[in-house]
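Order of writing sets the labels: A, B and C. Residues in every chain begin at 1.
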Amino acid sequence: MLTFILRRVAAGIVVLCAISFITYVLLYFSSANIARNILGEFASQDQVAAKEVALGLDQPLMTRFFAWAGHAITGDFGTSWFTAEPVVHALENRLPVTLTLVVVAIVLIAICATLLGMAAAVKRGWIDRVVQTAAVVGDAIPGFVIAIVLVTLFAIQLKLFPATSSIVPGAGADVWIASLALPVIALLINGVTGGAQQIRSAVIKQLEKDYVRTLRSRGISEREILFKHVLRSAAPAGLTVLSLQFIGMLGGVVILEQIFALPGMGALAVQSTTMGDIPLVMGVVLYTVVIVIIVNLLVDLINGWLNPKVRVS
Amino acid sequence: MSQPAAASGQTGTVVRSRVITRILKNPLGITAIAILSLMILMAVLANVLAPFDPNFANIGKTLASPDASNLLGTDSVGRDVWSRLVFGARTTLLSALLCATVAIVIGLPTGLIAGYYGGKFDAVANWVVNILMSLPGIIVLLTVRAAFGPSVWISMVAFGVLLSPGYFRLTRTSVQAVRNELYVDAARVAGLSDGSIIARHIFSVVRAPIIIQTAMVCGIAIAIQSGLEFLGLGDPTVATWGVMLSEGFKNVYLNPTLLLWPALAIGLSIGGLVLLGNAVRDALEDGVKIKARKAAPAPAAGGAAPASRADRRKVATVDAGTEHHLVKVSHLGVGYPQADGSVKKVVDDVSFHLDRGEVLGIVGESGSGKSQTAFSILGLLPDNARIVAGCIQFDGNYTVAPGDDVVSQGRVSSLRGKRISYIPQEPMSNLDPAFTIGYQLVTPMMRVLGISKAEATSRAMKLLADVGIVSPERTFKAYPHEVSGGMAQRVLIAGAISCEPDLIIADEPTTALDVTVQADVLDLIRDLQKRLGVGVLLVTHNFGVVSDLCDRVVVMQNGRLVEEGPVREILRNPSDPYTQKLLGSMLEGKEPMTMLVPAGMEA
Amino acid sequence: MKFGPKAASVAAIAAMTIALSACGGGGGTPAGPAAAGTTSLTLASLQDLKSFDTSVAHIGHTMPIFQTAYDSLIQRLPDGKLAPMLATKWEYNADNTVLTVSLRTGVTFSDGAKFDAAAAKANLDYFKKAKGSDAYQVASLGSVDVVDDSTIKITLATPDPAFEYYLTQAAGLMGSPKALGTPEMAAAPDGTGPYVMDKASSVVGSQYVFTKREGYWNADLQKFAKVTIKILPDLTARTNALVSGQIDGALLDPKTGKQAEAAGMKLNSSQVDWQGLLLFDRDGKINPELANVKVRQAINFAFDRKTILEQQYLGQGTVTDQVFGPESGAYVEGLENKYNYDPAKAKSLLAEAGYANGFTLKLPSFTGYEAIVAVITQQLGDVGIKVESVPVPNANVVSDFAAGKFAVAPFQLYQGEPWVAINQMISTTALYNPFKATTPELQAMIDAVHNGGTNSAELAKDVNTYVTDNAWFAPLYRLNQMYYTSKAITVTPQLQQAVPSIYNYAPAK
């Protein structure tokens, strides 16, 4: 078990290094105008040139990368080139918002999708058709359209929730709930039906398994078969889908963060990549990848716990 | 249920059709194809359909309502919305296709090679795939955009690379699954090159999943593209739906329809792609689509199904004088409704009975309806099966009363486990791999007999010892994959007798086992049957097993009962030609025999 | 499972219906009534500041955030007149090179340090040394000398008609001398301003919260107990926040403005920017055609300014043919209507210049300008100039202009004081004159403005006339800044400033 985790962590670190390098190379190609953008439109060409030297933008790619990596290894991600805010500080402020949003949404999606998916698989009939149709509709409506509708209805018309977030560090739970409710609902509407569709397929697949018939023949109640046996075997498929949704959402919340003015990672990502704020982009990418790796590891561990066969190998 | 059993035996045909026909018959499939064809037609005929250049701006006529020259009105710059929508279809669909093509070009060949050859390439490819899948997509796209400019085509190429792992994994898994199939081996032996094997055999396996995946990928590509464009990160000089959406959004308060049209186009296209994917999947998975007839009640799925018509009706009492039979099956017919509304009958007019302590064999080839008959008694027929005729009674009560069209779960579920138990054919797949053997033995006892966990555990230990397992403790704690097939079958037999049933239905209990283990398991069943005095309904194709265990035997062919009688009589004197043939094939030694074949048979 | 997808989709459809009907007009509910005696002010800023370091302070949208915490030496009143602030009196010498400034006494920074002549000198020196985005404001600054505890003497290397104005802007902001250039100051302001930042409630990039400073020297500038500035770059988010009553003021645009008006918000309009084409390549380095003044004039004649303004900005602005604003002092009434829409004339001018068959022009297109680029493309196309638009990421727009990558660019520039405007787009050192185009005649006019002292605005009229006659630009119109406020507050627009100064807000009576 421990060796498994260690091996995965080691693999994760290699992935992290590879992704850092790839991202850095990409950013290298887009770093032509950074000094000018930092200094603003009134700076002279001399100032711009001096700034480029100061930032090391005149150095070759590999020199720059290793200089960055050398600091990053010690946990020093530098400061944003544009705001002079330490990168770690910027991320610490924003990560909780995005993570809360995504985790809450994914938990709700997991619960709702499981219930809906199982209902659709077991009962078939109208509920199945509704889930199937809703899955298509959920896929087809762009997320931001849902968000706009939610804002218009619940924030502007009914004034039940704030139209834009008022999350600040140390804000009470009430503020967090009020600010995140609409974005979470938007994510939920977008994600739940797809998840339910996947759970449905997985459950149907399990229901066709021989052991289900044998369990029935043993007099085990249908409820117990469903919630204990079928769900457990269908869970890995569902977990994989949820983990993919989670990873997708980490980047995908950027649109929601913009509409709801949430101070999250997505907004930071868009801003820093479009500006060419390399230290900040690298910080965002690394944090995101670390989260992705942790989530994947967790999913594998849970799958191992669910499926003893995987556990051994 | 009033399906007249005019023809005897198995009637009707399984309605199979080609995948494409099936998709076309599926209303959702045809809808999807219609939507997508429409979109593609729009894209192809853009030059013909659009009255204006997509960028032609009548600056004096902005945000106009629809009129004769501007079918859908104009946007905020005075460009014709219809023309932009039509040209937008071209760019949007082409870019989605580009994305999918890139993903396929990268993912498919690498997946094929990795799956077919494995080894180092596989390891490296998997590693790369892991990296690609850990990359935060939006951030990569933003970076690519910053580096190479806001071109739709470049972003879609980059996105295609990001999506290629999907194809890689899909192809690799499919190829691995068929790589060692017999027909591939045969092709290899026949001297076909790897290339032609891949082209001929393996590619046909991955074709359908690739189509499904491509539909999904195109949908995702359209969605992500419009998302980026919504954020203002697109290429404003090219008319795409996303650009239109973004433009419409800025003017939503003045003219909401500007948002409506591109949103509708995007929604319909993504929806169409998803539906197409679903339709292809359904066509492949379901094979035969069952058209539920209005007359038939909702399919009953096990005990969770809503009370069917059979449950609600007052249960009829069985014919006087037949109460003493443990099981009595009378004129049973089982059928499956087909897509064309007909019913394929798999069991027809089967009648027999089984008394307490008796062992009855049902013999027949596979497809003769013997298992269907057994499952009718257990009440575990597939959801879409229908009782088309006859009735079944257990211990003097109907489980299928005359006129019922499904097995009454209300009546039979209380019997299952407690009074009727089941020994399946394939031991490994009949144990839940996620739970220990002990758990799977103990739980039914706790539920059915209402005993404590401790008591159930000690009983389970004894049972395991009873079925000849040498170290019950170890087996108790083991997971199914940790024991051998023979051991697993003993566990299943222990499970079948754990709640002291009156009837055990054993469905080919030895077929899946090694020859050496078969005899042991048969011995076990015989011993237990004698000791517990239960009735056993033994379903088998093997006359050797029948002669070994059974008191009486019924022979089935094509869903009909052809012969019934005491074992010895039928073995000595088979009257039906089919029985003679079955016996004959056995004697030719196709199935290795146990030592118990009576000497007289060889005459 | 009660809340199934069906319920959700019903809700969504209902919401869509309401949303659309609201969009149709008339559906919006007015924001909640203003609480009597409002003591808090919440504003939206469409830009975040880089940091609270005074050296990165920048003219424009973020200036009010700085003003909340920092006082400037001179205060610029809403109408553009200068008023004492930390400087009580200032006076030039005869040749406009030495400015003697008397300073207010008894003022302290939020860290307790005293504001005096040494502090003022430290700030100006720091601002010059730090070379922030507005370093051009102190380009002419030679040295600062402390005369006595409350007087400094600023010596300019060369006269700068805009210097007093600069002291109302970034260059005039005064921070605690101990904090200058420190990370602490970057994270939290340390000035003498009317409010102090509440660090615990502030998040970089999201919102800044300020509370009233006790014992501030001028209670008239502290009309609220608390000021919150939310960073809302997204126009929709700003509109939603304002309409739903989360904020009291925000800069919108004519289109979202309709929605705000329906919700009972008040428009405070002012004109700050001109929009049009910058015809950079007057020397014909990229497009030889543009070296010919007739071609540049033809471009000016190609635009139906009135229709564009009407259709694109719902008429919220004033068409113009010159780049100097009416309040700048360099405005020349007679220049208007010089380039009235006349495509026939444009074509004949092109023909006279030898381009009867037109030519091709590359035009950058970027976020926010998609619509106007489409309009320009169409109108130039109509007179025979074919436009190829090149998408440019927004972050690169200004640097691409400055690097001379485009002969012509659509843009929007603020109409500042004449000397500021000249140095922004006309002089050879101006950012928006990337090819350093000039003529001896023009240079002489610019020099006259430079040395013109109090007369410089008047002299700038010649520059204006020259660049208009020679079609250095193709201005289209001055745009109205659509600044909306809730009923809880009132505000006076600030001349030549994107958003009002923080001093201009007051609780509604």
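Methods note: a contact is a pair of C-beta atoms (placed from the backbone, for glycine too) under 8 Å apart; a residue touches a chain by one contact, two chains touch by 3 or more.
Note that the coordinates shown come from a computational prediction; the quantities given were computed from them, not determined experimentally.
> Averaging the CA atoms per chain, pick out the one whose centre lands closest to the mean of every protein CA shown.
The most central chain, going by mean C-alpha position, is A.
> For the pairs A-B and B-C, output the one whose chains share more C-beta pairs in contact.
A-B
> How big is the gap, in whole Å, between where the Cα atoms of chain A centre and where those of chain C centre?
Averaging C-alpha atoms per chain gives centres 37 Å apart.
> Could you give the separation in Å between the centres of chain A and chain B, each centre being the mean of its C-alpha atoms?
Once rounded, the distance between the two centres reads 32 Å.
> CA centre of chain B versus CA centre of chain C: separation in Å?
The separation of the two C-alpha centroids amounts to 65 Å.
> Counting only residues that touch at least 2 other chains, which ones in chain A make the list?
137, 141, 148, 258, 274, 276
> Which residue numbers or ranges of chain B touch two or more of the other chains?
145-146, 233, 249, 252
> In chain C, which residues are in touch with two or more of the other chains?
Where chain C meets two or more other chains at a single residue, that happens at 236, 393-395.
> Which residues of chain C touch chain A in the complex?
Against chain A, the touching part of chain C is residues 1, 3-6, 8-9, 12, 14-16, 18-19, 22, 27-29, 48, 50-51, 53, 56, 58, 131-136, 183, 186-187, 200-207, 209, 230-234, 236-237, 240-241, 243-246, 263, 393-396, 398-400, 402-403, 424, 429, 431.
> Spell out the residues on chain B that touch chain A in their complex, using ranges where they run on.
130-131, 133-140, 142-148, 219, 223, 226-227, 230-231, 233, 245, 249, 252, 259, 263, 266-268, 270-271, 274-275, 278, 298-299, 301-304, 378, 380, 383, 413, 416-418, 420-422, 424, 426, 429-435, 443-444, 447-448, 479, 481, 492, 495, 499, 505
> In their shared complex, at which residues does chain B touch chain C?
55-63, 76-79, 145-146, 149-151, 232-233, 235-237, 243, 247, 249-254, 256
> Of all residues in chain A, which touch chain C in the complex?
Residues 32-33, 36-37, 39-45, 47, 82-85, 90, 93-94, 112, 115-116, 119, 127, 130-131, 134, 137-138, 141, 146, 148-157, 159, 162-170, 189, 192-193, 196, 258-261, 263, 267-268, 271, 274-276 of chain A touch chain C in their complex.
> Which part of chain C faces chain B closely enough to touch in the complex?
Interface residues on the chain C side: 20, 23-24, 235-236, 255-256, 258-259, 304, 307-308, 311-312, 365-371, 373-375, 377-379, 389-395.
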